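Alright, structures below, take your time with them.
In what comes next, subunit A is part of two complexes: it sits with subunit B in the first one and with subunit C in the second one.
So, the complex of A and B:
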C-alpha cells in the first residue's frame, strides 16, 4: 500500500497539498474505509428504524393523549393517560376479537401446513409427469388478486349458489359469520408459499432415510410425518409463522366475510373499527388497540426470527 | 421363514431395463451376496425384495407368502443402507427401537430387545448418544442393531460397508460373519466388491446388465465361472483372456497355443474361443515342479512389476509389439499376460523370461456367447515329452 509508506508511489506528492475540511475527510475516508462502512451502516439502520418504529411510536403518542386533546398532534403526547389500555377493553370486547384472530390464524396455519406437507412431499420427493406444469400452476394462482375471487366466494359462502344434480337442487350452506369463509380463502391464498418452502426442504432429505423408515414399518405418510417433517423443522416453522402472520394481518376477507361482531368470528381489524361510534371517533382507543393487536405477532417474530431467517435462506444456499 | 424366491422378476424404467427376468432361490439362513458392477441391477433387485420398488413383472416370495405388492413394512425384512440412514433427530435408543415402537410393543419388551441388540453389536452405554456424535463404525453398528432388533426373517444389506475406511471395513466384515453365525438369519448382501462377496457369502449371485450370470458358492464362481463376465469379475486382479481359435491340436492364438483334443472338450475345430487363465496359474520356468499339468513354454518379456508384499504381479509382453495397452488389462489382450509370482522371486523389469501355464487351470469360453466350454484340461495328456525337457514349440 503506497499510503502506508510515505514518499513512495503516486500519493506521496499530495501530502504537502493544502486541503479544505472536505478534502481531509475524503482523504481519511479513503485511508480508513471501515469508518465509512460503519457510518453507512448507521445511516441505513437509522432509516429503517425510523420508518418502521416511528409509526409505532406515534400510535403510542396518540394512545397516551386523552381523546379530547387529539388535534394538531406533534411528536410528544399531550398528557399521560395510561388508563386507555384498560378503557379499550371496556368499550369493545377487544380480547374476543384477538381470540378470533388467533383461532383463524392457527386453524389456517394447521390446515396449510397439513396440505402443504402433502404437496411438498409429492413435489419434492416423487417423480411424475406434469410436475413442472403443476408447480407453475400453483405459482400462477398465487399471483391472482384476492379481489378477483371475492364476489363468487361471497355468493358461495352466503348460500346464494345452487347446484342442480338432476331433479335435486342443493344450495350451498350459509357460512357468513362463521370462520369457514375466512379460513378457506386464507388457506388457498397462503398455500403456494408454504408449498414452495416445504418442497425445497422435503426434497433435501436423503431418500435413504425415508426408505429406512418404510422398511422399519411406516407407510409413506408415516415416514413423512415421523422422519421428513421433524428433520425439516426450520422449514415447517418458517412456513407456519409466515402463514400465521399473513392471516393475522389479512384485511380483505376478514372485513367482508362477517358482520363485524365479536361473536361472528370477526378478527382484530373489525375490532379496531368497532371503536368508531356515531358521535365520536376515539383515536386514543383505536391507537391503543392497534398496539395491543400488534404485540403477539411482534413477540412471535422475535422468538422465531432465527428459525425464519435460517428457514428462508437454507433452501437458497443449498444447490 | 427366511427363504426368498424371485420368479421371473423384471423391472423396467422408461427406456431402461434394470432387472431382466431374474430367478433367484435363496434358502433360509443363507448368506448370499449379489455382486456386479455399478448399474447392473443388484440394488434394484434388493429394493424389490425390500418392497421399496415394485417389480414390473414377476413374483417375489418371502417364506411361503407372495409379497410382490406388499409395502415394505409388511414383509418382515430389515435393511441396512449404504449411507447408514440413521434418523438424525433421534438418539441411538430411539433409532434402534423405532420399528418396535411403530408395532406397539410394550415398554419392557422394547427395552429388553434394545439392550440385547446393543449387546450383540457391542454398543452398550452408547444408547443416549445422537448419531452425529458417533464414528462411522459405531453408526454402522447402530444401523445393524436397528435391523436385528425386530428379529426379521431376512436381512437386506445394501453395500453397508462401502462408506467405511479400509481397516474398519475388514473389521466389520468379520463382525457381520460372526453376526450371521449367531443369528442364523437369511442375509442378502449387495456389494460391488468381489472380495467382500468371496469372503463372506455362502453363495454369490453375479449379476450383469440386469441378468443373473451365475449363482454358486464363492469357490465355484472362482474356479468354474459360468461365462466370460463372471470369470473377469470374480478374482483380483482379473483373469487373463486370449482370443483364439480351436484347431485339431487345440487352442491357437497369436502368441499362446494350448494343446488338447477338441473332441474331449466337445468343441468343433474352427470355433472361435477365448482362453482364460488366472495370474496365479502362470508360472516361471523353474517353478514348474508346482504344476501338475504344464503347458508348452512361452517366451515373454517382463513389462511392469507390481510388488504387493505377499506376491508380485508381473505384466508380461508376449509379442514384439511395443505398444502395450495397460488400461485394458481386464479385457482381452492377446499380446499381454499377467502373472503372479512369489515375493522372493528374482525378477526385473524388461527381462526375458520363459513362462508356462497350468493346463488344468485353463478356462475356455465361447467367444460369441461368452459361455464357458471347459474348466481345466486334464483329460488330455501332453503329446510330446516330459514338461521340463520340452523345447519351444513352433506352431
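So, the complex of A and C:
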C-alpha cells in the first residue's frame, strides 16, 4: 500500500542532518503520507479507547475509595477497600435483583425465540398474500414509543381492564408484581428484531433439505424445528443474545411495571436506584453495584462479539 | 446433527393416534397461506394485545377529561379538547409546576409544558444522532483497518452499547455529581469544564447543563451501534474499486470522498433514521441522571402525568408522541417500499 506513494524520494535527504528528530519525522511524513495516516490512526484509536473505557475506570476508582473519603477525587482511588463488593449486597439484596433480571431475560428470550421462529419461518420460506404488508406492519409497530402503550398496559396488568364477551364481563387478573407485566411488553418490544434476524437466516437454508425431510414423513412443524432451526443455529444464537441483552438493559417497563422490591420481581433497575438512601448517598456502593451489574453483559459481549455484530447489522440493515 | 436426530423420530410422528395425530393431519391439510397465518398467530396475538390494543386504547383515553378523585380514572368525554389545550398551553394548570419554570429560565421562548417537552426531545434527538453518527463514523474507520488486537478494540468500543441504561445513568451521575470528582468544581475552585463555560457547578440540576451531559452520555453509549452499522456498510464495498482508484493515482482522501462516502451514504441514512426513532423515546437516562423535573422529555411528560394521575392528559401526550414518531417511521417505510421490498 505504501509503495505506490507518488513523489516519495524526490526531495533531497541532505537536510536531515541539520534538523532535530521532529523535523526529520515531519520531513519524511511529507514525503510519505502513509506515516501520517498511521500516526492519525493510532491517535484516534487511543482517543476512542480512552473515552469508552474511562467511565468504567471511574467506577472502579469510586468503588475502591471508602465513602467518607470521596470528595474532589483525582484519577486514582484514595485507599483500597475491596470489602465494598460485600457491603453492597448487605445494604441492598442486589443478587436478588440480578436473579430477577436473569429470570426475566431468559423467559423473554425463550418466548421471543419460539414466536419469532414460527414467524421467521413464515416470512423466510413461505409465499402467501399479505406478506409484505404484515412485515412492514410488524416493523412499524416496534417503533412506537413504550410511553404510548403505558397506561392501557398498566390498567391491563393491574386487573382494571374489563373484557366483555357477549353478556359476560370479566376483569383481567391482577398480575402486578409478577414477571408477566414485564415479560409480555419486553417480548412485544424485542420480537420484531428477532423475527427479522431469523427471517434472514431461515430464508438461506436450501429448499432441498426441507423437502428431503418432508419426503421422509416429517411434519411441517417437525421440519422447522428439526431441520431449519438446527441448521440456523448461529442465527438463533444471535437473536437470543440480542434479546437477552436488550431485556437486561431495558428501563421503561422495568422501572414502571413493578413496585421496586426484589420479591416483586423488580430487575436491576430498581436495585441500582435503591442505593440512593434517605439520609446518606453511598457513592462507593453505587459504583460497586454498577460494576457488578455490568459484568454479565460485558462477559456476554466478549464471548458473543461476532454474534452481536452480525445480529445488529443483519437486523437493522435488512437488504 | 439434525439428520441423526430426525431419522429416529420421523416415523413416530405419523404413527401416533389421538388428538395429536388429528392435529398433525389437520395441519398437513392446510394450504400454504392458511399454514402461514397459523404460524403467525402467536406473533400477531402478542403484538395485538401488547401494542395495537394499547395504542388504540391510548387514543380513546385521550378523548376523555382527567379525573383526580373517585375510582374512575377518566372523566367525561371531551372530544379533542385535550389536544387543543395541549397545543395552546392551556393545560399547564394541571401539571406539577416544575416543568415550566425550570425550563423557561433557560429557554424563555418556550411558553407551555408541551412545547418545552417537545423542545427537549428534539434538541436531544438532533444533537445525539448527529454526534453519534460522526463518532460512529470515526470508530468504523478505525475498526475497518487491519491491526493486531483489533478484536479487543472492537470489544472496548461495543461494551458501552451493552451497558444497562440505569447503570449508564448511574455512571454519568457519579461523574458529574458536584464535590465527587475532578470534572465538576466549585465556584472558588472551578474545574476545566467549568472554566470553559460548558457546565455550571451543579450541572445535573440545571436544565441546559443536564441536557448537554445527557446527550454526551447517550453519545458515549450509542455511537458503537452506529459504528457497527457503518462498518458493515464499509466492508460490503467491493475492494477492487480501491485497486482501480490506486492505479489511477487517487489519494486516500479522494478514495474516501469518491468511493467510500457515496457507497455507504444509504447505510448511514438508514442507521440515522433508526437512531432518530429511538432517541425520540428518551426517558431512562434522563430519569436516572437528572430526573424528569430537570429535563422533561415527551416520555417524561407521559410518565409524570400518568403518576399524578392525569390519565386524559397523559394519554394525549403519549398519542402525540407516537404520532410524531409515526411520521418519521412512515418516511422510512416510504423509502423502504420505493427500494422494492
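As a working rule, the second predicted complex is superposed on the first by the 267 of 319 C-alpha atoms of A that agree within 3 Å, B and C clash if a C-alpha of one lies under 4 Å from a C-alpha of the other, contacts with A are read in each partner's own complex, and residues count from 1 in each chain.
To be clear about the criterion, a residue touches a chain if its C-beta (ideal position, glycine included) is under 8 Å from a C-beta of that chain, and two chains touch if they have at least 3 such contacts.
No experiment lies behind these values; they were computed from the predicted model shown.
In the superposition on chain A, contact of A:105 is made with neither subunit B nor subunit C. After overlaying the two complexes on the shared chain, residue contacts for A:231 are found with subunit B and with subunit C alike.
Within the superposed three-chain model, A:222 lies in touch with subunit B and with subunit C [touch as defined at top]. In the superposition on chain A, A:240 contacts neither subunit B nor subunit C.
By the touch criterion defined above, A:213 lies against subunit B and subunit C together after alignment on the C-alpha atoms of chain A. In the superposition on chain A, A:124 contacts neither subunit B nor subunit C.
With both structures placed on the common chain, the touch criterion links A:298 to subunit C but leaves subunit B unconnected. When both complexes are overlaid on chain A, the residue A:195 reaches subunit C alone and has no touch with subunit B. In the superposed three-chain model, the partner touching more residues of subunit A is C, compared with the other of subunit B and subunit C. In the superposition on the C-alpha atoms of chain A, the part of subunit A touched by subunit B in one complex and by subunit C in the other spans residues 213, 216-219, 222, 227, 230-231. Remark: subunit A residues 206, 208-209, 211-219, 222, 227, 230-231 touch subunit B in the complex. Those residues of subunit A lying in contact with subunit C across their complex are 4, 6, 33, 37, 41, 44-45, 48-49, 51-53, 55-56, 58-59, 62, 70-75, 114-116, 118-119, 121-122, 126-129, 131-132, 134-136, 138-156, 160, 184-185, 187-188, 191, 195, 213, 216-222, 226-227, 230-231, 245, 248-252, 254-256, 268-269, 272-273, 283, 286-287, 289-290, 293-294, 297-298, 300-302, 305, 308-309, 312-313, 316-317.
Of all residues in subunit B, those touching subunit A in their complex are 50-52, 71-73, 77-79, 81-89, 98-99, 102-103, 146, 150, 156.
Against subunit A, the residues of subunit C that register as touching in their complex are 1-2, 5-7, 9-11, 13-14, 24, 27-28, 32-33, 35-37, 39-40, 42-43, 46-47, 49-55, 57-58, 61, 73, 135, 138-139, 141-142, 145, 147, 151, 153-160, 162-167, 170-172, 174-175, 177, 179-182, 220, 224-225, 228-229, 231-233, 246, 249, 251-252, 267, 270-271, 274, 277, 280-281, 283-285, 287-288, 298-299, 302-303, 306, 311, 314-315, 317-319, 321-322, 325-326, 328-329, 333, 336-337, 341.
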